[in-house]
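Chains: A, B and C, in written order; residue numbering restarts at 1 for each.
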Amino acid sequence: MNPNTRRTSRAVTSIACASMLVTTACGSGFDDAPGQSAQQSGGPVTLQILIGSSGDAETNAVKQAAQTWAAASGTGATVTPAQDLTQQLGQAFAGDSPPDVFYVDAIRFADYASVGALEPYAGKISSPDDFYPTLRTAFTYNGTFYCAPKDFSTLALIVNQDLWAKAGLGDSDVPTTWEQLTSVSEKIKAAGITPLALGDTRDRVGAFMVQAGGWITSPDGKQATADSPQNLAALDYVRTLLAGKLAQYPSQLDAGWSGEAFGAGKVAMTIEGNWIKGALKADYPDVKYAAYELPAGPKGKGSLSFTTCWGIAAKSRHKEQAISFVEAMTKADQQMAFARAFGVMPSRQSARSTYTGEFPADVPFVNAVDYAQGPVNAPKMDSVLDDFDTGLQKLTSTAPKTLLERVQKNTQAALGTS
Amino acid sequence: MTGRRPGAAKENLAGWLFVAPVVVILGLFMLAPILMAMWVSLTDWNGQGSPFRAGVPFVGLDNYTRLFAEEGLARQDFMTSVRNNVYYVAIVVPAQTGLALGLALIVNGRLLRGRTFFRAAFYFPSVTSSVAISVVFLFVFANSGAVNGLLRLFGVEGPQWFADSRGILHLVLGALGVVDPDAPPAALTGGGPFGLSWWEWLSGPSVAMTTIIVLVVWTTSGTFMLMFLAALQNIPVTLEEAALLDGAGRRQVFTHVTLPLLKPTMFLVLTLGMIATWQVFDQVYVMSQGNPAKTTLTPAFLSYQTAFNGFEYGSGTAISFVLFAIIVVLTLVQRWVLRERRA
Amino acid sequence: MPDRKRSLASTFAGYFILIFVALVFLYPFVIQIATSFKTEPDAAANPLSPLPHLATLDGYERVFGTDLPLWLGNSLLVTVIITTGRVLLDSMAGYALARLRFRGRRALFATIVAVIAVPGVVLFIPKFLVLNQLGMYDSYTALILPVIADAAGVFIMKQFFESIPVTVEEAARIDGAGVFRTFWSVVLPMARPALLTLTIISVQSSWNEFPHTLVAVQDPALFTLPRGLADLVSGSLGKGTQYPLKLGAAVLATVPVAIVFVVFQRYFVRGANEGSDKG
């Protein structure tokens, strides 16, 4: 080393150290002082509310409800629709500047709860037991019910009535078992129509696993159960549907999702959630269709439920106001107002009869809540499930057993039980 | 040395004052971040509160070993991203270099009219926003987009570019009848290095990845063309003419006179190209987010995703440092190869 | 003369290739502009046609219904400040490194060269950490300050100052002007071509900057155009195709750079080659 380079490297080090000193010295972004999360009292308070909106209808409805609440409570409320909720929340948590109230998708719930980002406030909401049990489970972590479910959706069998009639089928032909699903699909195929559009992710294929009596994790979310014989039976069945061209993935039908293929009249049936109503009304208003409960498998009826809760940040300085806001948003009549505005189903059982009275066509969706499986409720499972989806996309060319073993292995690693 | 000249102390002070803003900014936002990230990569920080407080678990090199030595999803995803990027680099770098050189040679033609126009046309994609261009290509390669529209004119039904995770190499092998992509031989699927089977390593870029490849070759060739053009214009005309007079053919002049003189530029273009292609991010973020079936996942995007969406900041920073190492090592290798040839 | 014939043919072939390649390079922009004026069904049915079936401003009306005007404003603000900062700070540092003899000059220059070599993607998460630590995350400061000086710009300016003769400055110095006076009123005016090149490079790169905004801000009110556009496509607003809307927004992101490009083309060319010197 000649003196020149030695001097160079010494200078580099000193510059680096100096800049480190500066950052730590004037560091104020991460403030761990307990005082910061203390409740703030007095002065005007404005709640920051971040939502992952399904569209303008939802954004406007939530904004309106927030304004009504703000006027009544004297607390300000700013509703911001996120462009990418997961990413924005992640950076907000790391930046120590989370919004007070935000949507938490059940799929991400355990991630947030496990790192202590969420306030477990659900017990303070009036009559928490009124929320459907399956939704409460979806937002329970280590035995604590954290946050109030906003609303929910389930999967049902959607039938295109014109194509149904074209295939020579009647109301009594709607399948209620796997066997009937196979036989009716064969008839539809014989009539030259693609029978079923099926989304290529665990959020659709998973329904078959539930019908067979399986799931990816045990009910408490602690054990991996992906490689069970029940799951194998389900994937084998789905594979035969795909191989026989009785079911096709949306991409095979040149569609972004099943609803698009269904609306365009490319298939006679699809398995989708109640959000399909809004999509069909907007893009394909002329399609005549009806929803039915999903056909039962070896173990009986099964469906999947999807839900979002109103999360409150553990670091929020306005928790009291935030809880009062959520209380207002989850009242049965407010939930009905949301249902009318953007087609979601109320998460409170007390609103069930009002809802089915007003939307009789949705009875199959509501009924599914009694036997539906919620999303996997365990942290660090996101990449595992994405990997499972990748496998499902190649279901026709991969052995289901190999696929499930891989999911089992990854799940065990994520849950720390291997 | 200092202190002897009159006014040297003053000049010393002035010098530091002049460079101070740049030193502060580069120190704060280039050097300090790297040191902080090195620390984070040795922890299991989950993105809550400060990474420098006492409670953050220190895990040593775990985040690094998990990428290479431990069986699991972390390694699988990382290796998949490396595979994708290797194919990406292996196609983009030669393609953009070749295209850039070709364009430069044509534009440099002495008899050419409208040279300024053509040079501008080829260079223009390089200066526009990568995000905006990616949006345009999303449309160009959409199912009902321009490329498939063009293919339909020739009676070809184009693929669904962004949904197609099939590997090009798999498709070629299938078309040649060497193997059946739907039932690959067990010898290849049975095992392989770093948690991916040989069959997975040998996939080639996916159909979806080719759209990003086309996009990047298209946008970057212009810049490199300018570099070649500058080098070509520095070659004395007399040298080539002398060779021609000596009876050498045009092709001979090109291979024996022009090309050797372009060698430094060629290596520069290759190096810059390689450094840039290992960092592909914007296009992946906008066009595919790593989908379909993780075939457009790259280490840069994976690192971002792991940190900001998966809350595994330690793992994410570890991936970015490994990527850094890959780039440094490959640059050194390239430099070494260059030195070898000069000797 | 067979030789002449051959060269004629090869010229012809050359033009043919050139025009074809130029078409490939420019046609996507034609499609981009055309589609932004199309109706949605028209865009889906005639993706190749360079003219809308029935020109409509629907796409643009919807573009301006989003936050895009705000993003446009942010992009302008950020670009102007960053460019001003870079031109000033980079040339000051470049001048000092080229002309002023101060202690640690060589070490500093070596560091700056090393910094140029650090790949940008490696800094994503680190930059986010620092911005957080400094309490700057999610602010205009976060968008601007970290990129207000750049190592490559310093390098370019240093090379430039070394290439111009030192005599004029010395004359000024002898007349008793201080270092800063000399720099400001003698050196900078001489450096106009290099400053213009640096300005052009900065305008282009800060207008197009995307990854930095991803780790610096998350409030939609602070988005720049590329960030907003990316989220328009991949975020919740990206549902459905809506190509006229998206391509309209992309046109707005492209046009300012295109204008600067056409006007200052030769500086772009120079900038690209300055970049090549640093390798």
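Following the convention adopted for this analysis, a residue touches a chain if its C-beta (ideal position, glycine included) is under 8 Å from a C-beta of that chain, and two chains touch if they have at least 3 such contacts.
Which protein is which chain? UniProt says A = Multiple sugar transport system substrate-binding protein; B, C = Multiple sugar transport system permease protein.
Because the structure is predicted, anything quoted here is derived from the model rather than measured.
Asks: Across the interfaces A-C and B-C, which one involves more C-beta pairs in contact?
Replies: B-C
Asks: If I average the CA coordinates per chain, which chain comes out farthest from subunit B?
Replies: A
Asks: Return the distance between the CA-based centres of subunit A and subunit B, expressed in whole Å.
Replies: Those two chain centres are 35 Å apart.
Asks: Counting only Cα atoms for the centres, state how far subunit A is from subunit C in Å.
Replies: Using C-alpha averages as centres, the distance is 39 Å.
Asks: If you average the CA atoms of subunit B and of subunit C, how many Å lie between those two points?
Replies: 19
Asks: Going through subunit A residue by residue, note those that touch at least 2 other chains and give them in order.
Replies: Counting only residues that touch two or more other chains, subunit A contributes 15, 23-24, 27, 29-30, 87, 91, 94, 96.
Asks: Please set out, as single numbers or ranges, the residues of subunit B touching at least two other chains.
Replies: 23, 28, 31-32, 36, 50-52, 313
Asks: Two or more other chains touching the same residue: where does that happen in subunit C?
Replies: Within subunit C, residues 108, 111, 130, 133-134, 234 contact more than one other chain.
Asks: Can you list the residues on subunit C that touch subunit B in the complex?
Replies: 11, 14, 17-18, 21-22, 24-26, 28-29, 31-32, 35, 43-48, 89-90, 92-93, 95-97, 100-103, 105, 108, 111-112, 115, 118-127, 129-130, 133-134, 145-149, 151, 154, 179-180, 183, 204, 207-208, 210-211, 214, 225-227, 229-230, 233-234, 241, 243, 246-247, 249-251, 253-254, 257-258, 261-262, 265, 268-269, 272-273, 275-276, 279
Asks: For subunit C, which residues count as touching subunit A in their complex?
Replies: 104, 106-108, 110-111, 114, 128, 130-138, 215, 218-220, 231-232, 234-237, 239-240
Asks: Would you pull the subunit A residues touching subunit B in the complex into a rising list?
Replies: That would be residues 15-16, 18-20, 22-24, 27, 29-30, 32, 86-87, 90-91, 93-94, 96, 111, 115-117, 251, 254, 380, 382-384, 386-387, 390, 393-394, 396-397, 409-410, 413-414 of subunit A.
Asks: Can you check the complex and tell me which residues of subunit A touch subunit C?
Replies: Counting only subunit A, the residues touching subunit C are 4, 7-8, 10-12, 15, 23-24, 26-30, 52-55, 80-85, 87-88, 91-92, 94-97, 283.
Asks: Under the definition above, what is the set of subunit B residues touching subunit C in their complex?
Replies: Contacts found on subunit B: 2, 5, 8, 10-16, 18-19, 21-23, 25-26, 28-34, 36-37, 40, 50-52, 103, 106-107, 109, 111-112, 116-140, 142, 144-146, 148-150, 218, 222-223, 226-227, 230, 265, 268, 271-272, 275, 278-279, 281-282, 285-286, 289, 300, 303-304, 307, 313, 316-317, 320-321, 323-324, 327.
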